[in-house]
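Reading through the structure tokens given below for one structure.
The first chain written gets the first letter, and so on, giving A, B, C and D; residue counts start at 1 in each chain.
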Amino acid sequence: MSKVISDIQDALACVESGHTILVGGFGLVGAPLSLIEGLTEKDVTNLTIVSNNLGESGKGLGILLNQNKIKKGIGSYFTSNRDVGDKYQKGEIELELLPQGTLAESLRAGGAGLGGYYTTTGVGTDLAKGKEEREIDGVNYIFEKAIRADVALIRAHKADTLGNLVYYKTARNFNPLMATAAKKVIVEVDEIVEPGALNPEEIVTPFLYVDTIIQAQQVLTKEGVVNK
Amino acid sequence: MTTWSKTDMQHLIAKRVAAELEGPCVVNLGIGIPTLVAEYMDAEDIYMHTENGLLGVTDVEEADIDPNLVNAGKLPVGEAIGSSFFNSSDSFAMIRGGHVDVAILGALQVDQTGVIANWAVPGKNIMGVGGAMDLLVGAKKVFVTMSHTSKDGSSKLLKECTYPITSTRSVDMIFTELAVFEVVNKQLKLVELMPGITIEEVQAKTEADFIH
Amino acid sequence: MTTWSKTDMQHLIAKRVAAELEGPCVVNLGIGIPTLVAEYMDAEDIYMHTENGLLGVTDVEEADIDPNLVNAGKLPVGEAIGSSFFNSSDSFAMIRGGHVDVAILGALQVDQTGVIANWAVPGKNIMGVGGAMDLLVGAKKVFVTMSHTSKDGSSKLLKECTYPITSTRSVDMIFTELAVFEVVNKQLKLVELMPGITIEEVQAKTEADFIH
Amino acid sequence: MSKVISDIQDALACVESGHTILVGGFGLVGAPLSLIEGLTEKDVTNLTIVSNNLGESGKGLGILLNQNKIKKGIGSYFTSNRDVGDKYQKGEIELELLPQGTLAESLRAGGAGLGGYYTTTGVGTDLAKGKEEREIDGVNYIFEKAIRADVALIRAHKADTLGNLVYYKTARNFNPLMATAAKKVIVEVDEIVEPGALNPEEIVTPFLYVDTIIQAQQVLTKEGVVNK
């Protein structure tokens, strides 16, 4: 049972207008660049994108933004793309800003079947507005809801054909969390190997989380993003 | 009255903060002046954590730059001996769970109880917060580095922050090009003047009440 | 009326459950009859999850037994090709997050809506629950295997459970030595008689209402 | 800066009467057998022990139980030691029974600085009694509190002298979670190596969680527990 698909649009067949989509990466590092490009070529709209950033101006998710395919962004640092602010000003996009730790934790909670959790992060700040506050053992917390999505687009370093994944250095970031929190998980990888090639003690994402694997066609290098 | 180039000022502050760090400890460095602190750390047992997923950050030579190995400011870094990689929720579990000893952060404003504002400016869209709120609630100690005054000369140490605060938690120490403050019982205490600075100059440039 | 040795009965049930599994899928096997199901699985793409931290469980030869490689029943197991190890919270995140396709569990009682009791007996100390409640809320499908009646001959398929329930969630299928039931709209539906069993025998030994 | 200590009683110096102590392991698998033995030789009482089981009758934590050093047990499966039931019947021990997933998740939450979380596990059962129930997006959850402790006694496979840890097969279980949720973390390991010997991508417990390392003196073998 191999989960490997060669055509990106086939891999993205499950993506529909109105979907909530998790997109891995911290800036371009660990972002599923090939899948994002595939999404810019697909006729979908009204997407909710959950990602630390919405790319950079005219790059990565920034292209999707400029195509007006994004209805709402949920992330921690939209500042990296000035177009996001312009669109927000014009009322063309909804934004939900979360502390980075809350974004990560909510994704993990979503994947783990939790409803939500209490964190001290954000208590007493503008980002706590409208959120329940509760004292537990003398400490003030706010309630944060779990995040779950229709599809996750992630990047890993290696996959075996079953879907077990390992990551590479700081390109790991949100990817393993997003792998757990969506109905369909599509991963692009640098290298596809046979089952048994990855050490069972080192696998970060066990295969039950992964639906589809593609060979990455775009790679981040010192010189920027290049086609492979 | 002393004047510095912006770079000199930043390095002056960074060097002073570095002197405050005692190993063994784990330190998280924010963007800006905090990043410079690494240049002045000499203890072998001070380890750096970056919230995008690495404990054990070092400098990297130009030739060894790896585009997939960066810090929270998206700048290339290297791996120390004994380093480890982890995902974002595990990274913030370290921060929020109180396992990082010191966070060194920049700030836009500090009030006289040690509460800081460093993530948003009123009238502008609120677009990014990153890990600032997490570090403020979670790090065992928070050190703030910033220029003492804004470009227009107004004090950044205020009676009350006019920008949205980052946390209700008071930071532990504040380092500017003029002075070092500790926050003791929600009160600023001047504990050191930077070289060549007089108490009068600090008083003139500080709106916040402080003791000394 | 058919009678079996306990072992024969257990194997009969285990074999029947195994036939219900279609790959690709991930299955968690409880203690008792469920453990035997592994002996009858032949599809290559049925993977077993054990909640103490392994996805990809296989049999192990006596000579290869490793005391630190066990299943949830603390019995020695082996590793399949493509297996992975993880900690207990990651393991239960798989279960509770709905990532395990089928859980096969034993039960003390099942009520006529498909709710089961399998972790405690009234009047005895409540001492252990393990992963039973987690599997019931989390697995996409839950299959129950059990003898149809207690040692005293009374039905274990009841109008209402008299033992503490494990979850308010109805299971999907129930396999006994007499019959196979599906739970459809909170109602038991007899879908198959085991070899040599008559509907009258099932009716005689079943307190719960069921349709067929 | 090496965290390695050779004497077990020195390693356990931080343990005091009245402490809450996390003890790793699933039965004897992955249990810190040497540290538990050290605890049985130490003059402490009134302990709250958080562990999946309380050992077996007269073995591991079972010895501590019979020494009347345990005031309260928090775990998921006390059935493995019949003495626990006897003591409970006589009112000599308090017990808090949690589903195994809740035990694990509460430890993780404790380590991550969360106050608690909502889970579907246990809803409508006797184990939900006295716990807040809440509907979130149409699903019923119960509130579970984070668990934090004074000391964690855990077992890993290898440690470098900084305290980075890797585990071995199903001996991993609760150990990495407990490493995050206590003020002092003491680990016993099969092997101590130099910093740099463990692959940064494979380290499961980063060193900032670990205070003290000892070489395991007791090992679980096919023939049972043996002294090394």
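Throughout what follows, contacts are C-beta pairs under 8 Å (C-beta built on N, C-alpha and C of every residue); 3 or more make two chains touch, one makes a residue touch a chain.
This one's a predicted model, so the numbers in the text were calculated from it and none came from an experiment.
The distance from the centre of chain A to the centre of chain D, each centre being the mean of the chain's C-alpha atoms, comes to 33 Å. One inter-chain figure worth recording: chain C and chain D are separated by 29 Å, centre to centre, where each centre is the mean of the chain's CA atoms. Centre-to-centre spacing of chain B and chain D amounts to 36 Å, using the average Cα coordinate of each chain. Along chain C, residues 79, 85-86, 89, 92-93, 95-96, 137-138 each make contact with two or more other chains. Residues of chain D in contact with at least two other chains: 105, 108, 112-114, 119-120, 167-169, 201. Contact topology of the protein chains: irregular, matching none of line, ring, star or complete.
Contacting chain pairs (ordered by label): A-B, A-C, A-D, B-D, C-D. Across the interface of their complex, chain C is touched by residues 26-27, 29-30, 52, 76-80, 84-85, 88-89, 95, 97-105, 107-108, 119-127, 167-177, 204, 220-222 of chain D.
Those residues of chain A that touch chain D in the complex are listed here as 105, 109, 112-120, 134, 136-137, 139, 141, 145, 166-169, 199, 201-202. By the touch rule above, chain C contacts chain D in their complex via residues 50-54, 65-71, 74, 79, 85-89, 91-93, 95-96, 120, 125-134, 137-138, 164-168.
Here chain D touches chain B in the complex through residues 1, 108, 110-114, 160, 162, 164, 180-181, 195-196, 200-201, 203, 206-209, going by the rule given at the top. For chain C in complex with chain A, the residues that touch the partner chain are 23-24, 26, 44-45, 47, 49, 55-56, 79, 81-86, 89, 92-100, 137-138.
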